[in-house]
Structures are given as C-alpha cells and as structure tokens.
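There are two complexes below, and they share chain A, which is joined by chain B in the first and by chain C in the second.
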Partner chain A sequence: MSPDNEKLLVVENLATTFSTAGGPLPAVGGVSFELMANETIGVVGESGSGKTVLTRTIMGLQQRTNVNVTGSVLLDGHQMVGASEQEKRAVWGTEVAMIFQDPMTSLNPVMRVGKQIDEALRVRLGMSRADAKVRAIELLELVGIPSPEHRYQSYPGQLSGGMRQRVVIAIALACSPKLLLADEPTTGLDVTIQAQILNLLDDLKERLHMSVILVTHDLGVVATRTSRIIVMYAGRIVEIGSTREVFSAHRMPYTRALLESSPKVTNDPHTRLVTIPGRPPNLLKLSDGCSFAPRCSFATDQCHKERPELQDADEPGHAFACWNPLPATRKRTVKTT
Partner chain B sequence: MSSPEPLLRVRDLKVTFGVGHHAIQAVAGVSFDVLEGETLGLVGESGCGKSTTGKALMRIVEPSSGTIELDGVDLGAQKGKALRNVRTRMQMIFQDPISSLNPRRRIKDIVAEPLDCWKTVTGLERDAMVSDLLVKVGIDPKVYGNRYARQFSGGQCQRISIARSLAMRPKLLICDEMVSALDVSVQAQILNLLEDLKKEYGLTLLFIAHDLAVVKNVSDRVAVMYLGKICEIGPSNTLYEAPAHPYTKFLLGAALEADPDSPVHGDVLKGEPPSPMNPPSGCRFRTRCPYATQKCADEEPELAEVAPGHSVACHYPLTIKTPRIRKPRTAA
Partner chain C sequence: MLLGIVFIISVGSFYLIHLLPGNITTVIEGPGASPSNQAKLYKLLGLNKPLFQQYFIWISNVLRGNLGTSFISQTSVASTIRAALPIDLEMMFLSQVVAFATAIPLAMRSARKPDGWLDRIFSAGSFTLLSVPSFIVIVLLVLFVSVKLGVPHTGPSSYAPFNQDWIVNLESMGLPTIALAIGSFVVYFRVLRSDLIATLQEEFITMARSKGISQRRIMWRHAFRPSSVALLGTAGVNIGGLLAGGFIVQYLLNIPGLGYTLIQAINESDYLLVQGIVLVVSVGVVLINFIFDFVINIVDPRISRE
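Moving on, here comes the complex of A and B:
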C-alpha cells in the first residue's frame, strides 16, 4: 500500500507506432503524464484517438511484431517498455490489472467463472485449490454477485452482461493490483447497470486503495468519478487537468467542441447541437501541425505548420496543446442556451 | 406542422417468440399514437422490447396480436402486394450503419434500389433523384457515388442509409438506435441532419434509442418501456423534469451528465430486469421498485392519464418534482 502523495505511474514521452501496409501509424505519439497512488484519472477521446492503445501499452500488451514502442512507462519502479514476457508476468495481476470493454469475449465461454478466478490466484499467488475457491467466492461477494457459491459454478453464458463485467472485475482484483486499467468498462451496458458498475469501481478503489485509469468516450462517465482528465486527439494529449478545470475552464477548442456536441438531458426537444465539422484525421497522413487544425474554427497558419506542445495553464496541473487557446478568464459553461 | 390526427395508431401490440414453455413475450400489449409531424422517442434498457416494437410495426417480425394503423390503413390486414404498397410509406434505419448496406454494391445503386423496385422514376430522372438524395445527406455523388460501403466511415454509412430510406418519400421513419454506434461529434452531425430532413420532407419519426439525452434532444414526446410494456408516456420536458413512474425516475437518475457538478451517485436501481420468459405478476417493475406493495403484485396497473397527454402505468405515481434535472445555468 502506497501513501497518497507517491507517484505510482510515470509515463514519459510514450509513443506506439504500428507498421502497416500504408506506412507507420502513430497510434500514440509522445504522451507524458503521472498518476498518484489512490487517484482516478479519466482518459477521454473519440474512436481512433489512441486511448485504448495507450492503456494496452502501459499494460505491456503489445504484440512483439509490427509495433514500435518508445519512451518510458515506470509503474511502481518497474519499466514496462521493453520488458520481457517474464518481467511483465511478474507485474501483471499484482501491480496492474485490466478490465476490457466486452465482458463476453474477455471470459472463456467454456470454463466455469469460478475456475477463471481461481486460475489467477493459483498461478500468481500459489494458492491451493481449496484456498483459491474460498478466496474466489469472497471476491465474487466483494463485487456484489448474489449467491456467490452458486455463481462460482456458472458459465459466462449463464450470466447477464452486468454480472459478467462483475466477474471480470473480480478476476482483475484477485491479486490486489495497485493500478486498475478500465477500458470502457461500461460501454455495452444499460444505464442502470452502468451506474451499478461505476459505483462498484468507486467503492472498490476506496476499499482496496487502488489507482484507476478510466478510459471512455462518454464524458458523463468521467465527470463525477475522476479527479483529473486527459483529453486525447489523434494519439496525443491535447488537454490535461483537474476534472473541474477541464469541464469549466478548458482552453483547447477540441475539448469545448467535444463537450458541446454531446446531447444533454436538460436540452429542449429539437435543440440544434454544436457539431465539429469533418472527422478525425487519418493517422497515416498526419500533418506537421496541430492534428485538430483542419476541423478547428480558430486555426491559423501556424496551427497547420507547427505542432503545439503541452503548455501550462494558470491552474497548477492544467495544461493544453494549442496555439490559439480559448481565453482563461471567462468561466465557460457547457450548457447551450 | 403537427395536426392532432395520429399518423400511426398502435393498439395492444403483442409479439411472442417461440411456443409453449419457451415462449417469450417480447412486446406485451403496447398502445400508442404517433401524430403527424412529431417525433416520438421510445426508450428503455436492452431487452425491453423497443426494437421488437419497431420491427413489428414494419412487420419485419410478425405481431401475434394487436392492430397497427398507418394513416387509417390497418397494416395487419394487408398481405402481399397491398402490404408492399403500404410499406413504401414507412422506412426503417438500423443501428449498425455498415452492415445495413450491401457490401457488394455501389452506394448510388444502394440508394437507387427502392426506385428500381418500384420503377417510380427511371433513366435520367432516376439518376438525378439519387444524386439529389446523396447531396441532401451531405455526400458528393460525383466523387463518392461509385464507391462501396466499406470505403466509408460509420457516420457516412448512416448518411447513405438515410438517403436510401428517403428515396420512396416515406411519411414515417423508424430509427432504431441509429446513432448509438457513432462518436459523439459524428452523432451530433447525424442528429442535426435528421432534424433538417424531417422539416424538409415533412417526416414523422419514431426514434428508438437507449440514450436518454439523445432521445430528449430529438423527441416531442417520449415513451418509456420496461419488460415489453410502456410504463410512461408524455411530453419530453414534462417526463424528464417530473417523471411519474418510479422506473423513469431511476432511469433518469442513472443517466450520466457531462457535468462535474451533477449530483453524484443518486439512488441506483438495484438488481437487473427479470426474464421476459417469466415476468412478475402484477406490475412488471415491482421486483425492483422500492415503493412496491402487495397491490402491485396482485393487480397490473393500466396506463392512466395523470396530466393532459402524460400517462403512467403505476398504482402509486410520483407527484413530487425530483431535483435531478436542473435548469441550464446561464453563462456568467
């Protein structure tokens, strides 16, 4: 258990490039951030923004061929970039664990869910069969599965989507990781089940003293459950800051566009939504300038030619990558009137 | 534009899949009207029967009982050619934009297919109409007309689906989760496009979706479904600000707003929806409802009007205004 002011994860200048038939594809380009112990950080972005590749790179889940990873991922003292399979195995489970988006495909359909939890306990912690079963049932209870002894014997196909995601969480928590990577953990779930799973993650984070990276495309998911937010666009961080700052005093035009284009339940019927013209760039043909420039209404010549680096805003910890940022003083509101 | 005359009248619609022990009543007696020119939103969680309702209206799945009237014509009584005739007046747009387009056909032929089937326009007139439809949805027919569906992004494919559905100038458009597979910035483009086309073509929409914010943004009225039944129906603003059915209240409470100041972790609904194979007696929501009493188990509540145009199926409808939905803040 680490004290709260300790840096659990330090990511520096991380870049993941895939070799494709069309040339090198920079899925993640030069990402740096830090994560404290017991902190929840949100990573938001549209599809193709590199948020999933970022978490998979932190976890060290890249295949060995056709991928080039540079930079550094220091996880509680362990360097994940360039680590051997053996070194990574020593870290998986006990230091870092991951929850994937689709709870059906991340479980083995022909193995009882109890056995899938046991597996982690027996292989990683060397527990005996009997001890592992007791612990697995405890874990099922911890993630809020009713009648855990009975469910221990179930196959994934016999459980609902919400229950399966709870099982996936139980497996991730089996070896008490310090960092939990949750990649779109509630995307396929209904809203009432989504609320249950997010509450469960919040509760477990406090009880088990974990750090969480919550990756999502849904700004609503991160709004009330994270202390800081990273906004990604075309593989890069375009804004990072405390959740409140990012929502109410964002400087990057993309962040504003993202917030304004989401429909709100407070809008009147037939409210015209603010749209971002065009679509996300082709990562194979990125320009030297800001990737958002072609869609940005504030873009100048400089934006098309030179890439803006992250610069600090007034609030400590708040940074944005933009040549023509939105003014800092105005208190922005995401509500359209 | 809207007149009080319903374009679509659905009464006691039931859809049953399977027989005997394995029968599942996916839609268990649904009645509603869609007025000409309005958008009716249909929301609910997965498995509540909202998509099946949409498909049953098109008779893609056969309703087991009930009546569907489009503009006074009973769809259930139509067969063969007559049914095909009526169907041109209603069209459906599906969730997955890419798989709903034939991968082996050029998109200009996909959009032209309804015209070719019906031979309403032919030759140059047909080509002009196809180009016009593609322009209307924001796709340049000269550049993209000869391409295939796989060469387009999800948002563009959805635009092509819309163009195809408008080819026969339908009166009613059934949109089944049409934006759920899209990114938020693309979703906003498609929703705005839909509003524009609705005005231009004088469309009436049945908008089926699980996303409460999206539904609120497009719908004049909203119907909430739970386990095959409508539990509440009413004007969007009223229903969202003062839900009368406990399920609607919980559903809205679970919807996440992109606002760090929104109340954290409101009351969360416990448990999961029961299996439609074996629905609870009485009120279908009673197993998860915190206000349920013996009466809810014994008697099934019928949809009853609590305010003009606002009906709810609950023995104990909520009357207190919930503070969850606040008025938009004004910019300081």
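Moving on, here comes the complex of A and C:
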C-alpha cells in the first residue's frame, strides 16, 4: 500500500459538541489528521470514544439541531464544516460516501434494493432509468451478490445481513466516491461474514482507487488492512501512527490496554481475557486532565490536572498524548491475530 | 370473515331497530286510528310474527337481492338508497381529497423541524380544530359563508344532483366538504406528523441523505411510504365513519344523503328502510377497511411477510 502524495482529506482541530439536557457534550474534541489519496486509515477505540460522531462530522452528516461543529474539514477542496445542506449534497455520494454500521437499519425496508441503488445514479449522475438499472446490476455483481438481476427486485427484508451490507456497499460505491467512510461495517454481521465483507472492501479499494477510513473497535480488523491507525479515547486522538508503529512501538498506555484486551490465537485455551478496568468517562463531566487517567496505572498528579497534547514520537508521523508514555522501544510483545 | 362481520351487524341492527319505542301503525294510520285497524295492519305487515322469523324472512329476501318496500312511502328501499348513496360518496370523496391534500404537505413541513415555529403553529391549530365538533363548524360556516358573505347555493336545502346542475352541486357540496374535511385533516395530520418524525430518525434516512439527494425526495420517496401505514389504517376507519357519520352535516344542510334519510326513517319507524341503510353502510364500512388493509400490505411489504 503506497499512498499517493496527494492529501485528500485534511481535518484540523475538529470538535463536535452536542447540546444536551445535562449540558454541552463534547463527543469529538479537537481532532486533527490528514488522509492521503488511496490510503486506508483505521480509527479504533472503545464504544463511545467518538469514532462514529467523528466520521459523521467529517461527512457533515451529523444531526441538524442541537449540535455545534468547529474546526475544519477540507475534503478534496470542499470545506465541510459550516457548509449548507445543499453544498454538502454536491459532495455526498460523488466525493465521499458512507457504509453504515447496521445493514438491518440502514436500508429502506419498503423500497426494492435495486431502486435504492438506482436513486443515486439517476439523481446524482443523471442516468436514464434503463442505464441506471444496468449499472445497478453491475454494482450488485461487483459487490458479489449472486443472481443480481433477481436481487435487484428484492426488498431488504428478503436478504441476509451479509447481503444487505453488500447492497449498502454497492450504494456507497454507486457514484465512485474518492473517500469511503466505513463505520464499523462488520459489527452487525456474523463472524464468518465479517471477513468476507472486509476482504471485499479491501479488494474494491484497490480496484477503484479510493481512500478509506475504517472505523472499528476490533484491532484485528485494522491490523492488516490499514496503513495508519488513529486511537481515540473520549473524543480525542490519543495516539496516531503507522499501523506497524502503533502495534509494535505504541507509547500511550491506553493503546497498550486496548491491544492487550483483544484475544489472541497464541493464548492458551481458557485464558482469561484482559480487560481495561473502569469504564469510559462521562463526556459531560470531563476533567481538565487526561481522560484516561482514572483508569491508567501510570497516572500521576499531573495526569489528573493537565491534559497532555499530542507529541511527536521518534518515527515521523507517530504521535501520542501522554505525560508518562511507555518507553520508546520496538519490542512490544503484544501481537494480535 | 367479512361475511361473518356483516351477518353480526345485520342481526344487531335488526334487533336494535325493533327495540325502538313507537308503533309504525300509528305513523301510517295517524294518531286517531282504531286499535282493531292497527292490529289488522300489524298482522298485514307481518310484525306479529316472532322476531327471529321476521329476521329470517327479511334476510332471505336480502340474499335474493330484495331489500323490500318501505311501509311508509311504498317505494322500494333499494331505489331510495340508490338515490341517496351518490351524495354520500361524493361528500366522502371530496372531503377526503381535501383532507389528504392539506394534511400530507403540512405534516411533512411540520416533521421536517419538529417543535419549530411552523410545527408549533400547525400542531396548535390542529389541536384546536380537533376540539371543535363538526356541527359547530358547519353552523359557523353557514353563518359566515352563506349569510354574511352571501355566497349562493351554500346554505341549507340548496343541494342539486350532479348530473342535473354540476355547478350548483359543487357549490352546495363546498361547506359539507370543508366541515367533514376538517375532522379528517386533523386526524391525518397528527398521525402522519408523528410517524414521519419517527421515520426521519431512522438510519436509512441518514443513509438516503448521504447519497446527496434532496430533502424533498427523501420526504416523498423514503420517509412517506414507511410512515403511511398508520395513516392508511386511520383513513380506513375514518372514511367508514364518514359514511355513517356524515348525517349531522346532511341533517343541518338538508342534503338528502343516506344519513339524512336514515334519521328520517328512524323517526318514522320505517323498519325496512333503516335496516336496508344500516346493512348497506356496514357492508361499505367493512369493504373500505378491507380495501385499506389490502393497500397497507402493498405499501409496506414487511406486513404481509411477517
């Protein structure tokens, strides 16, 4: 995987805050990163770490009321923050598309799947009904759906979860987007189907020259499929770097905890799974210090009082946010499947 | 199933009408009639037979397509109904067109921004209308439109059949249409608004947005259909209710529809006419609901599958 030398996406100091009854809720707080053309980046973190909100904000798909977005998202020259719905519509589908988490809810249950693929082709690309149908069937074939002509007429309820997710992918790819946001695309699927869908995404990414942001809580998913990884905690990036670097030379204790808590094939049978003690912080009551401090065994007074900013590690492009990082070494024993 | 419902209704209505106080022979022969004449007529009309036997005679005639002849007017019940029914159908049709044509776009506007100022106005307005009964509405309409503004052919007794003078007909249908449409509008607006708001929260709407299609298209193509199941169900019940319940409006405006005829028939203890109308209306109500159930199955394929 060699990323082209062209920045497709530049996110700067992006913050998404929801107004709730309990006060402002900073779901994403000051996230900055860049994504090259044809690159796949993984975003990992626990549930509630802001991964989904981050991808929706990048796309500008967040809810329209009670939300405040600041910072900058420059997507192939389009500023997504503060853009009107109409401006964003011009970008959606053709520049950026999203694969949603749960294919059981992300397809319109009362619309034939063919029509749902056609729609983007006809509205966005101005295709005729007949052309759109031909293209839609091609897309169904592309995502590996058997007898696509027949499936074109199916309602989502007549398809299995894996099939539905393939349809969702076909819809996302319909207008050949440059950036594909995959928000936990396999979480709602059976384990055996998960690998199929991920391999399909990998394959399509190569064939169609897309950049992909792959959001997951499963480190095994990103290990072999991404060039870089962003580790998120409580709405912030706590570590970012090349996949190899994050796995073998991570500095942030949270990254280590996350890696240690994934099951490994090399473990003896019946090994107790390592878990991270405590629970993710309440975003309504964030302290001034490091959000991970209450769960961190290395935490000092400074950690509780002052928030660490991202600092560069030895390798270029690798950064972490920690006052008491793990020592810089390339010999981490942690391996994943 | 359908036949069962109609059978139960026919028995019930037959029994109820015969519970009514008053003696039909007094209506026919006048208050001064001698008891022996009354008894003779009573026997002649077959009213001295046991009730179940009377029912049996009536229903077997009905099944042969004969609704009987009115004791009072000596005209066949079927022809009376044939004359009155088109008026009800027209009123129903016009009022439903108006109700749907206003409720759907307004509900969509409201649902787009729930609790926005437009939604607040529409919701408050619909709630106000909900609490005003149609007989008040029709009286106020007559007062303002017919009396104050003097618009012709809108007051009571101005009805003319459509094939006789369609301009007068439509003019005279204006007020009852509005009065009935208001009641339907309120219900449809509220049902559709809340379903649309729920549907618009769904993930597949976000998915549709992410395709870059217009708000309008999302509303009509994606949100409307899955939100219209309750609307159709309500409409089925409501239209059935109108078929039977338009009578207040008809009565106040002297429009000789089924409801109006029914009230007269009840006042005159015109058993056969009442039974005939009740039977036709109940068959109509059952049929309408059956049709709507069928439409719902088409609109939402999940329902028939489950």
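Of note:
Here, the second predicted complex is superposed on the first by the 326 of 337 C-alpha atoms of A that agree within 3 Å, B and C clash if a C-alpha of one lies under 4 Å from a C-alpha of the other, contacts with A are read in each partner's own complex, and residues count from 1 in each chain.
The criterion applied here is as follows: a residue touches a chain if its C-beta (ideal position, glycine included) is under 8 Å from a C-beta of that chain, and two chains touch if they have at least 3 such contacts.
Everything quoted here is computed from the prediction, not taken from an experiment.
Three-chain overlay on chain A, with chain B and chain C fitting side by side and no clash.
Of the two partner chains placed by superposition, only chain C is touched by A:R124; chain B is not. When the two complexes are overlaid on their common chain A, residue A:M59 makes contact with chain C while staying clear of chain B.
Seen from the CA centre of chain A, the centres of chain B and chain C span an angle of about 80°, rounded to a multiple of 10. Contact with chain B, but none with chain C, is seen for A:V221 once the two complexes are overlaid on the shared chain.
By the touch criterion stated above, A:K285 is placed in contact with neither chain B nor chain C. In the superposed pair of complexes, A:F100 makes contact with chain C only, with no contact to chain B.
Of the two partner chains placed around the shared chain by superposition, neither chain B nor chain C is touched by A:R207.
Set against each other, chain B and chain C differ in how many residues of chain A they touch, and the higher count belongs to B. Of the two partner chains, chain C is the only one that A:G157 touches; chain B does not reach it.
Between chain B and chain C in the chain A overlay, the least Cα distance found is 14 Å. Touched by chain B in one complex and by chain C in the other is not one residue of chain A.
By the touch rule above, chain A contacts chain C in their complex via residues 59, 61, 65, 85, 88-94, 97-98, 100, 102, 105-111, 119-120, 123-124, 155, 157-158, 168, 171-172, 174-175.
Interface of chain B with chain A (complex): residues 39, 45-46, 153, 155, 183-189, 191-192, 195, 210-214, 216-220, 236-237, 240, 250-260, 262, 264-265, 268-270, 272, 325-332. Residues 113, 202-204, 206-215, 217, 221-222, 225-226, 299-302, 305 of chain C are the ones touching chain A in the complex. Residues 46-47, 160-163, 190-196, 199, 202, 217-221, 223-224, 243-244, 247-248, 257-259, 261-276, 279-280, 331-337 of chain A touch chain B in their complex.
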